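In the two assemblies presented below, chain A is common to both, partnered first by chain B and then by chain C.
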Partner chain A sequence: MFFLKMALKNLTRHKRRTVITALIIAFAILIYILTEGLMLGMTEMSFNNIINLESGHLQVANQEYWADRRELPLRDLITPSAEVETELEKTEGFVALTERLNFSVNLNNGIDELPVTGVGIDLDQDSQVFELDQYLVEGRMPESGSSEVIMGAKLAELMDFKLGDYAIMLIRTEEKTFNTIDGEIVGLFNTPHPSLNDSNIFISLKTAQQSLNVENQISQYVLRLEDQDQAVNAAAALSQRLGGDLSAYSWKDSAESLVTMLEMQAIETQVILAIILTMAAVGIVNTVILSALERMEELGMMKALGMHQREIVYTFMGEAAGIGIIGGIMGLIMGSIGLLIFNLNGIDMAALTAGGDVTYGFPLSGTIYAGWEISSFVFVFVYGVSISVLASIFPALWAARKDPVKAIYHR
Partner chain B sequence: MNFLINIAFKNMFRNRLRTVVSILAIAFAVMIIVFTRGLLDGMVADTYQLYIHYDTGHIKIIDKEYKQKEKLLSLNYTVNGLENKSLSEMQSDLNELPGIEMVIPRLKFGAAVSTEEELVQMLAWGVNGEKELAFTNIGRELTKGRMVEAGKREVVMGTKLLEKIDRSVGEKVTMVYTTAFSSFQGATFEIVGEITSNLPLLNEEAVFMPIDTARELLYLEGESTELLLVGADRNQAEKYLPAVKNYLDQNGGEKYLAQSWRDGSTFIQLLEVSETIYNFIYLFLVLLASIVVINTLVMIVKERTQEIGMMAALGLKGREIMMLLILEGSAMALVGSFFGALGGGLINYYLAGVGFDYSAAFQDIDVLMNPIIYPTAKIEHMIFGFAIGLVVTSLTAVIPARRAAKLEPTEALREI
Partner chain C sequence: MPLIKLKGLEKTYQQGKIAVPALRGIDLEIESGEFTTIFGPSGSGKTTLLNMIGCLDKSTAGEIFFEEHSINDLNSKELAEVRRYNLGFIFQSYNLIPVLTAFENVEFAIRLIDKHSKKERRDKVMSLLEEVGLGEMADRRPNELSGGQKQRVAIARALIKEPKLVLADEPTANLDSETSKEVLELMQEMNEELNTTFIFSTHDPQVMDYARRLIEIKDGKITKDQRRN
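So, the complex of A and B:
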C-alpha cells in the first residue's frame, strides 16, 4: 500500500508529463473503440440482412447442391417430404420453415438482357422466415401459382421496367431446353441488402417449378429459429439426424466470405491497436527513465535507508499503471462520446464510399450505426494498462539496480 | 550557428539512454509510416493500373447513354463513328491528337456456354489482340497458347472459366449470345490460349475474341462499345482530355462521353480520398512519437536550467537558446528518422517479394483489385517518412524550447 501511495504522489509531480503520456494511451483506446464499434455495427447489420433476406437461420440442402450453389444448378434438388419436414420441426427453437427454389434467369426487356437470380418462393410461408414483404416500396407480393414477379426497384430502373410491365425471363429447364416466363411485375422492393436489389427476381414457387419442369423439387428448406445463436449447434445436430445427402447449414456458413473478411478486419484493427500501443509503451519507458533520472538522488537515499530493489520497481510499476489507468479512462470516455455521436447521427454508407456503389463486400446500404460491446471496452482498457505496466518493468529495474552511493553522487 | 550545432550534437551524448529511447520512438513511427505507405502504394498503384488496363484506359470514350446501361452490356449504344467519319477514321484521327499514343477499341457483350449441367455466363470482349498485348499485362498472364489473332474464330479465357465449362486449350467451344438485333445465336470457337490470373475478371469472367469476329457475329460492322485512349503517362490524362472533347464536339460527336480514368470508377475516387486520409494518419503517428521527444526536452530544460541561465548571462540570446534546444530535438529526429526509414525500407523490400494474400476476404467484392497485395519498395517512401519524421519532430521541439528561451538568467542561475 505504501508503494501505491508513493506512486500516486509521484504521478502528481509532473502533471503535464503524466497527462501527455496518458494521452498516447487514450488515443490508442479511442481509435480502437471507434473502429471496433463501427465494425461491430456493420457486422451486426450485415448478418441481419443476410439472415432476414438471404439465408434465414438454417438452410437444409443436398451437400452436392450446396457446394455448387452459386452456379444455381437444377440438379441435386430436394423432393419435399412430410418425413423430412417433421424432422426439421423438431429442431430446437424452431419457429417456421419455408421452401425455396433458386434458378438462373436471363432477364429481357426486349432490348437488353441481364443475367439475374430467380427465386421461387412459397408465398404462404415465406413471410414467416424472411422479411422481404416489409421492404416493398411499390405494389404487392405476387400471388401463389400466378406468373407475377417482384424485383428490386434498382433492377427495374436499370431495365426500364415499371409496375405492371411484363418481364421476359429466359430460363433453361431441367432438360436443358430453353423456356420463358412472362412475368407481370406486381411489386418493387428496396431492401438494405444491395445484391438482392440488383440481381434478384422473386416468383411463386409453383410457377417456377412448372416452368423449370422440376416437378415439386426445391433447392433448399429455410428455417427460422427463435435466436440466431442457436443456429450453429442446431445445424450440426440436424445434419446428424437427417443423414444421407441432406445437410443443414447455419447462416454463418452462408456468410462464409463475409466472416473471413471480418476476421481479417479484426486482425487489422488489432494491428493498428498494437502499433499505437507500442508507441505508448515507448512513451512509458521514456517517462519512467526521465522520472528515474530526475529522482536518482532520492532513489539512492531510499535504498540507503533500506528499501529493496523490488520495492523500487513496484513503485515505478504503480506509477506506470497510474498513467495507464488515466489514459484508459480518458480513452474510454472519448470513445464513448465518439460512438454516441456516431449513433445519434448514423453514418451514411454512401458517404463512406464517396457516393459510389462500392460496398466493400458488405451486404449493407443506407445508414449504418455503430455497435456497443462492454467486453471490447474492458479488453482494451485492461490491454492498455497491462502494456504500460509491462513497459515500465525494464527501465524500473535499470533505475533500481543503481548503486545507492553512486546514485546519491549522481552528478 | 555552427557553434550551436556543435553543442547540440555533444549534448545528445550526455545521457545516452534517454537519447536512445527518444530516437527509438521516432524510428518506430517512421518505420510504420514507410511500411504503410509502401503497402498502400502497392495496393493503389496496382489497382489504378488494373482499372486503366481493363476498364477505363487513360481516357474512355463511350456513348452517353451507355454509361447507365454498361452493366447490361447493351449493344444499342455503341461508338460507331462521327457525322461523316467511320469508326476507323475516328480512331486514326484520335491517334493524331497530342499525347495519345494508342486507341484501343473494345466490344463487350454477354455470352454463355451451355454445359451438361448449366449455362455458364461470361463476359465476352471483342479485342484487337496485338493492341491488348501492347497495352495490358495480359501477355504475362497468358500461361498457355497465344493471344487471339484478327479474323479467326478463336477465344482466350481464364483457367477457372475453362474449368467451369470443362474445356482446355486446343478444344472447341460453342457460345451463345444475343446479337444487336436481339436474335439469339450461337457460334463455335477454338480455344487458343489460357490466362492464369489472380484477378477474378480475367480468371473466371472474361473471354477474349478478335474484334472483327465479334463485329461480324453481332452484326455490328464498324462499331465498338467503347474506345480507350492511352497516353504515355496516366497523370497526363487530364491534360489531353480537352483536345479529345474538342475533337468530338467539332465533328458532331455530341452523343459521346469522354472521361479520364479518375472519373471512370467510384472506387478510384474512393482510393484517392483514402490516400489523403492516410496522410493525416501518418502525421498523427509522428505527433505521438514526438510527444516522447517533447518529454525528453522538457526534462533537459529542467536539468540544465542553471546551465541555460549561465549561457544567457554570458550573452547567448533567447533566440539562440531556443535554436539550441530545437537542434537537439532535430538531432534526435534526424537519427531516429534515418534508422526508421531504413528499417521501413528493408521491411518493404522484403515484403515486396512475398505479398499479402487477401483473396479470401475479397471474394465478394466487386472491384478490380489484385487480391494479393505486394508493397512497393520505393526510395520515395523512405524519403517521405524521413522528411515527415524530421520536420514534425523539429516543429514540436519548439514547445519546450520556448520555455527554455523565456528563462530569466538571474532566476535560472539561482534555481537548484
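So, the complex of A and C:
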C-alpha cells in the first residue's frame, strides 16, 4: 500500500507529462468507445430493421424453399393449415403471425423495366408482425383482395411513378407462363431499410396468389415474439415440433451475412484499439524510462536501503497503472460525452455517404444513433490499464537492474 | 568479534582496455560501536571502500566478512537482504524522495522491514524525528527543508531500522561549517546513545576531529589507522 501510495505521489512530479501520457490512453479509449458505440448503434438498428421490416422474429418455411429463398422460387411453398397454425401459436412468447408470398417481378412503367421483389402480404395480419404501415409517407395500405400496391418512394421516383399511377408487374408462374398485374399505387413508404425502399413492391396476398396461380400457398409464416432473444431457442424447439419438411428460422438466420460482417467488424475494432493502445504503450515506456533516468540517484538510494528489484518494478508498475487509470477515466468521460453528442444529434447516413446510397452493407439508412454497453466500457478501461501496466514492466526491469553504485553516483 | 573484517580487499575498475586499481589489498577490522572516519584525497578509494563495506559493490579479490559471515559469495538479492536489515546509508546529496514528507521519507526505510504495527511505526518515526530536531517539520517535503534539515532527515532514515552499521559518504560535503558541526554532533550523539557503528568518509579536517578512529587511505591503500579517545 505504501509503495502504491508512493507510486501515485510520483505521478505528481511531472504533472504535464503524466497528463499527456494519460491523454494518449484517453484518446485510444475515446476512439474505441465511439467506434464501438457506432457499431452497436448500427447493429441494433440493422437488426431492428431486419426484424420489423424483413423477417419478423421467426420464419417457418419448407427447408428446400429456405435453401433457395434468394431466388424467390414458387416451388416448395406451404399450404396453410389450422393444425400448423395452432402449433405455431404454442411457441413461447408468441404474439402474432402472418403469411407472406415472395415472388420475382419485372416492374414496368411503359418505358423502363426493373427487376424487383414482389411480396404478397396478409393485410389483416401483417401490421401485427411488421411495421411497414408506420413508414408510409404518402397514401395508404392496399385493400385486401384488390390489385392495389405500395412501393418505396425511392423506387417510385426511379421509375417515375406517383400515387394513383398503375405499375405494370410482369410475373412468371410456376408453370413458366407470364402474367401481369396492373397494380394501382396507393401508397409510398420510406423505411430505414434501404433495400426495401429500392426493390420491394407489396400487394395483397390473395391477389398475388391468384396472379401466380399458386392457389392459397405461401412462402412462409412469419411470427412475432415478445422478445427477440427468445427467437433462437424458439426456432429450434418449433422445428422439432413441426417435423417433416417445415423448419423454423430465427431472424439471426435471415441476417446471417450481416452477423458474419459484424463479427469481422468487431475484429477490425479490436485491431484499431490494439494499434492505438500500442501507441499509448510507447508513451508509457517513454514515461517510465524518463522517470527512471531522472530518479537514478533515488533508485540507487532505494537499492542501498535494501529494496528488492521486484519492489522497484512494482513501484513503476504502480505509476503506470496510475497513468492508465487517469487515462482510462478521462477516456471514459470523453467517450461518454462523445456518445451523448452522437445520441442527441444522431449521424445522418446520407451525410456520411455524401447523399449516396452506400450503406456499408448495413440494412439501414437515415439517422443513426450510437449504442452503448457497460461491458464495453469495463473492457476498454481494464484493457487500457492492463496495457499501461504491461508496457511499464520492461523499462521498470531495466531501471531496477541498475547497479546500485552506478545509480547512486548516476554514472 | 569484529562487525566488519576485510582481508586483502582489492577492487579494479575496467575503463575500456585499461585496468584502474581503486583498492589494493585492504586489511581492516571495524568493531561494533565505533565512530570511524575514512579520509584521504579525491580518488584515493574512500567511496569504493565504503561501497564494499556497504555490500553495494563486489570486490575483485580478497574477502569481506560481516559479523564473521563472508559476503563474497552472496548474490544481489542476498546482498540486498543484508543491507535491508543491517545497514543504514547517509548520502552527500541526501537522496530524499521529493514527493514524500520528512515523516514518509523516514517511514520508507522502516516499511522495508515491515515488522511494526502502524502505531508503532508512527511513534518510532516521530520520536526519531524529534530526536534529530525535526518533530515540528514532519509534514514538510524536502524542498521545504534546508540542507542541514534534509541531512537530519537522511540520518533519521538511516537510523530508523536500528541498523548495526551506518555508512555516510561525505555527509557534510554540501553543508556549511555550522550545519556540518550540528550534523556531526547529531551523528556522534546517535552513536553514543544507540551504540550504532558509524563509518563516514571525508576530506574535511574539521570533520575528522569528531571521529574516534581515523583511517587514512591513499592510492587504494591504508596509510594510517589511528584510534583516539
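Heads up, the rule we're going with is that the second predicted complex is superposed on the first by the 411 of 411 C-alpha atoms of A that agree within 3 Å, B and C clash if a C-alpha of one lies under 4 Å from a C-alpha of the other, contacts with A are read in each partner's own complex, and residues count from 1 in each chain.
Just so we're on the same page, a contact is a pair of C-beta atoms (placed from the backbone, for glycine too) under 8 Å apart; a residue touches a chain by one contact, two chains touch by 3 or more.
All values reported here derive from a predicted model rather than from experimental measurement.
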Touching partner for A:Gln125 - first (chain B), second (chain C), both, neither: neither
Partner chain in contact with A:Ser144 - chain B first, chain C second, else both or neither: neither
Partner touching more residues of chain A, whether chain B or chain C: B
First, second, both or neither for A:Gly300, with chain B first and chain C second: second
Which of chain B and chain C A:Pro73 touches, first, second, both or neither: first
Touched partner set for A:Ile276, first chain B, second chain C, both or neither: first
First, second, both or neither for A:Asn179, with chain B first and chain C second: neither
Common ground on chain A, meaning residues reached by chain C in one complex and by chain B in the other: none
Contact set on chain A toward chain C in their complex: 2-3, 6, 9-10, 12-13, 297-298, 300-301, 303-309, 311, 403-405, 408-409
Touching residues on chain A, where the partner in the complex is chain B: 16-17, 20-21, 23-24, 27, 71-75, 104, 110-115, 158-159, 172, 176, 257-258, 260-261, 264-265, 275-276, 278-280, 282-283, 285-287, 289-290, 293-294, 353-361, 398
Of all residues in chain B, those that touch chain A in their complex: 15, 17-18, 21-22, 24-25, 28-29, 32, 68-69, 71-76, 110, 112, 114, 117-121, 164, 178, 182, 265-267, 269-270, 273, 284-285, 288-289, 291-292, 294-296, 298-299, 302-303, 358, 360-367
Interfacial residue positions of chain C with respect to chain A in the complex: 47, 51, 54, 56-57, 76-77, 80-85, 87, 89, 91, 93, 95, 97-100, 104, 107-109, 111-112, 157
